[in-house]
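Look at the two complexes coming up: chain A is in both, with chain B in one and chain C in the other.
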Partner chain A sequence: MSFQKKIKSLMLSSGLILALVLTLTPGAALAEKPIKIGLIDPYTGAAAAFGKPALICWKIAVDEFNARGGLNGRKIELITRDSKFKADEALAHARELLLKERVDFIGGTTSSSVALAVSEFLRKKKKLFMVSISRSHRITGEKGHKYIFRGCPSAAIEGLAGGYYAASTPYKKWYIIGDDYEYGHSIAENFWKGLKQLKPDVELVGETWPKVRETDYTSYLTAIEGKKPEAVFTAFGASGLIPFSKQAKLFGLYEKFPVFCFGLGDSVFPKALKQNTPVGAFAATNYTSYYPDTPANKAFVKKYVAYTTKEGKPDPYPSGIAAFGPYCAAKFLTEAILKAGSVDTEKVIKALEGLTIQAAVGPITMRACDHQAMTPVFWGKLAKVSGYPFPIMTEIVETPADKVMPTCQEIVAARKAAKSK
Partner chain B sequence: MGFDASMLFVQFISGLSRAMILFLMSSGLTLVFGVMGVVNFAHGAFYMIGAYLAFTLTEILTGFVGFWVALLIAPTIVCLIGGLVEVLLLRRIYEKEHLLQILLTYALIFVFNDIIKMIWGVDLRIVSLPPALGGFFTFFGHSFPVYYFFIIGVGGTVALLLWLLLKKTRFGKLLRASAERRDMVGLLGYNVGGLFTLVFVMATWLGGLSGAVIAPTVRLSLGMDMEIIIECFIVVIVGGLGNIWGALLGALIAGQIYAFGILFVPKYAMAFLFILAAVIIIFRPYGLLGKPAQARG
Partner chain C sequence: MQAERKNSAAKWLYGAITALVLIILPFVLEKGFSEYYLYLATKIMVWALFAMSFNLALGYGGMMSFGHAAFFGIGAYTCSLLLVKTSCPLPLAFVIAPFVAAGAGVIIGFFSVRIKGVFYFATITLSFAQLAYILAFKWRSFTFGDDGIQGIPIPALISTDETYINYYFFALIIIVICIYVLWKIVKSPFGLMLRSLRENPERATFVGMKVENYRLIAFVISAFFSGIAGVLYAFLETAISPDILFWSMSGEVILMGLLGGMHIFLGPALGATIMVLLNSFITSYTEYWGMVLGIALILIVLFFPKGVGGLMLEQYQKWMKRKGV
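And then the complex of A and B:
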């Protein structure tokens, strides 16, 4: 054996021994091993305006958990992956997070299509999935299962409440335009269901579904007039609402028709739309920084401002969809880990069912039968109010979740029907 | 269904404005393929850079001047970048197989996306409309934004200029010649390399212009290049890959199919363009105005 070879084999064997020693002495290392939560959200592309505030709010909840000492000293570590608002991309990340990073839980997702894809994968893998922005009612409805929870509202709550709200207005002939994907159809379906329930004589004079990444809505906007509706419901999601609203404003849609739109009442859209935010539209969200005016809400805003200031962009208007919802989802998960005293999936699921957290809008409970958080909805009319850089909701109507959530029997029936299909 | 004539006219105008944006984009795509034989997947990236530059320029120079300066300078910067790409990268692979060209131009998409992410970040950007073009035209009781007429005007002007360039100038003759027989043009003593650089600069200028023109009507975000490029590929396939007039015809057809599809079958409007593309690929794979492959020599 030459000298060089000797050195080589020496290095190799010492490396091997070192590796053995490291793997055989887990004692101290294990107690320090962090709890890993994998987050899949859009951090680039049009929907990054959601992924970024969501991440800040996951961090707030995780920091609160860690500051309290974690789970017997074990702290939570967030590992983020960019979904780019695409289901296939997200699925690849989910697989990698489980197999390579060995995360304990997965959270996030903004696109409802992404949520459904990841949900199906995690159901098979028996890993807990905490949805923090995606809205489609199918996620915790007919496609729900044991391993999925949603800490933010569902389109069943927000759409139905919107339908009830619209039923109090005099309009009978409706036109629906929305993003052609899971969320657009889900919110429209629930809106129409609520409206029809309270006002059976309403008529749908037309509906159209542009593709999700449409750049030019011109022809859609001019076509609406041809159907002569009395009011328009727009069902756009995280990616489509901003370009649609901008072009709709150009075409005077908001002056020509009363427009109802979930989401425009949320700060995330006006922040990007600025002077293009329509005034006079009927809009909604699940949380605002200005209503309810309670100490709990003020405290949440203060915390959010502190975190966004640290990131260099102080933001006094946390979004309901992109910030408050994800905070609740993260809070549910961290509280459940503490309550279970373990990161064991089955134990955390038990702890989550029926768990109540104290949030800025009041206590929110995770319903045990469908794993859906029971959160209220706020509908109102957009108006310019002095002191705010964008139009905010006025004449706010709050609808509590239990008034608009499908009953547990309905959920069971829907899941059964979906299975037999 | 009872649509009045004015409604049909409005829909026609909206289809035309969509067609013009598609034409501005597709003309560059098809020019590069026609003359250089390169399928430039990164064409959308140049469009995206044009839009982001327009954003920055209108932020620096607010008001009316800003928009016109942006319209002038953004495409110019983009075409300079295009020139660099041709000289430094594309030039090396003309003689190689098509797969390498696709790999290179596709890789450029990622490179430019990351550069934009580094410079502008991932936040949504919105370009405001120039005040003078922010109003409406009202006709037959329908209102239509002035800006979309401006887009139609830009598209028409570019089509006219391209026609003059290709038919009436020596440069145009050379372009058409090298599209047919590149080797002959070289043998006659012309500098084919320089010609290619010029063509690529022109095409990327068109891409940058499309981006700057469309910027005030959309929201800028990473990936906006992919949102439009697929439709542009359909346009050039329908019209005939490599043929400028094919791109114009394809864009007009695509725009109107879209506009009237939405009017009459709103729920399934999306499908028509793709059905048309499928029919064209099956029955006339070289496109409406293209020539069959053997005739190209």
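And then the complex of A and C:
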């Protein structure tokens, strides 16, 4: 046999064996079958800045559950899949997790379009889906259903709170710029709704929607200047906010106009932006490590630091979007499993409806009518404060969720309208 | 004469066995393993059709198209948009979609087939496909942009909500018909001329063939069947996003052709099987499936330039020869 032939046959046979092993390896047979939760989030690429902290927080909640003895000895096992921030990739994983791994629940999703795709699939398959980062109001609004829950805030809460906050400022002529995808439109729509409610005489002088993953915002920035607004609202999501903020800073947008931006108050963006974080901008998040200054919050930060230290990257500033939200979502699910005393989907759904958890910002309740967690929003002005490596929010205004959530009647009407469309 | 009869009897036997396997397979997979494998089997068939229709352009026409995702995506989008936005009945939407894909094939092909050189052909088809991608991505009011289309309404008869069995057979019937038609095309005088063009375009021109016309027809047929694969994909996934128009999809289908063997009729189908299975199993172990794929490809191009299908055929022929002696 010649050398090449030898290599050929060697490779062919090893390939065959590998394929056989891969297909036939059964899951480790355990005496006590664990409760399986499938997590779909971006773990590679730019959006991994969200997926990775989220995974740590799911682990914290799951470890807490397991440390308490689990459900009659049954522990939770997390199975992760990389969504790559793409809907079709995530959907393929959801299918595999459900049909092959036979997970009991599915959680995660960062991109709102990913959440909507997975949600539609799980509605048909009648499996519980706990959203932990995605924000679009449609997820628990018009596209909501029995099997979807969201443990983190929605853009309806955060946008409306932003609108109310902006209404307390003197600006009347507004310009909106945002990522052209589900989340961007969702938060901008709600921001404008809130602002218009309290201040009917505001005027939208212009809006522009650069495509997702745009790299050059120059033309959009000059367009803003041309319209001469009094203030600008930016509606960027996980992938767009960082490149946009950098270019806007270079352009001088923050010196030229008062800028309102939801995510900039969250530690995940200033951590990446560093000195490019705009001081003086109006910003917000659903959680900060420095406000409220309560023992519960300190305990959460301590735990988060311990877990991130174990991973080799100690982080004393847990993000609201990427860490606290996912922790709440995971906590809701684990508490509901205990309350239901079962992993049966229908029973856990019952247990989740109206469930209250004790979180770092105070008690949070899962509203029964739309399966949306009632989480507060914090708006403030970014300023340099000694002791922090990045600008943080000052003069914080807290808006409780019940003030800014759409009513249950509105949700019912929206779902009905969406169905008849 | 006798050998021929024996040969055709063997052919019928192989055909019957294949048919039997394909009919029993879904029941075995669903009952014995999991619904997931049935889904995978259906996915493999859809990709196999896409890869084989693509191969009419590459393997038989010698056209290195880097933009076949456009036809696949246009088929999927046309059908989905018709179903979501209008009250168009499903069978009609199913028929319209591949014709729209073929229409796109006429436009793209018109500009591309007269270009000589593999590199330029690949570049121009790639640019057209990216144009389609950007259109789907940016035109949010019409295509739903980056959010994609979810919940494509599919009638209960072929719905995948409860089981994939019905859809498996629906896809199987359509794909078998398509593959049969492709086979007839490849074996027809037209197919032979196409191959002569691929091997030696100058000589074919001297014989009096209109190179561009033949290439254009092959390209459009290829686009048409890619469009059918796109529709079947949309129904299987029930959700689509602009990513199915992205160049990486075109890349994937090229890889399937290379992997399976582009000069063998069923080669690309084999490539599709390997790719889909590898992807599905490797991604449940690691996030870096692209790396595994890359290494596999380098090895295949270096050691088995005829693809896995070519290698298997070679071995089979050798074995037959030995037996004959």
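The rule we apply is simple: the second predicted complex is superposed on the first by the 390 of 421 C-alpha atoms of A that agree within 3 Å, B and C clash if a C-alpha of one lies under 4 Å from a C-alpha of the other, contacts with A are read in each partner's own complex, and residues count from 1 in each chain.
Everything below uses one rule, namely that a contact is a pair of C-beta atoms (placed from the backbone, for glycine too) under 8 Å apart; a residue touches a chain by one contact, two chains touch by 3 or more.
Computed from a prediction, not measured in an experiment: that's the story for all the values here.
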* Partner chain(s) touched by A:D180 [first = chain B, second = chain C, both, neither] -> both
* To do: Go through the superposed model and pick first if A:K211 touches only chain B, second if only chain C, both, or neither.
  => both
* To do: Classify the contacts of A:F251 with the two partner chains as first (chain B alone), second (chain C alone), both, or neither.
  => first
* To do: For A:A117, decide between first (touching chain B), second (touching chain C), both and neither.
  => second
* Asked: With the two structures laid over each other on chain A, which partner does A:Q275 touch: chain B (first), chain C (second), both, or neither?
  -> first
* For A:P53, select first, second, both or neither according to whether it touches chain B, chain C, the two together, or no partner. => neither
* To do: Could you tell me if A:Y43 is touching chain B, chain C, both of them or neither one (first, second, both, neither)?
  => both
* Could you tell me if A:A87 is touching chain B, chain C, both of them or neither one (first, second, both, neither)? => second
* Residues of chain A at both interfaces, chain B in one complex, chain C in the other -> 43-44, 180, 209, 211
* For the chain C and chain A complex, residues of the former touching the latter -> 34-37, 39, 137-138, 140, 145-148, 150-151, 161, 237-241, 243-244, 277, 280-284, 287-288, 299, 303-304, 311
* Structure fact -> Per the touch rule, the chain A residues reaching chain C in their complex are 4, 7-8, 11-12, 19, 22-23, 43-44, 81-82, 86-89, 91-93, 95-96, 98-102, 112-113, 116-117, 120-121, 124-125, 180-182, 209, 211-212
* **Contact set on chain A toward chain B in their complex** => 43-46, 48-49, 52, 84, 180, 206-211, 213-216, 218-223, 225-226, 242-243, 246-247, 250-252, 272-276
* Asked: Can you name the residues of chain B that touch chain A in the complex?
  -> 3, 7, 10-11, 13-15, 17-18, 21, 117, 122-124, 126, 128-129, 136, 142-145, 147-148, 214, 217-219, 221-224, 226-228, 255, 258-259, 262-263, 266-267, 269-270
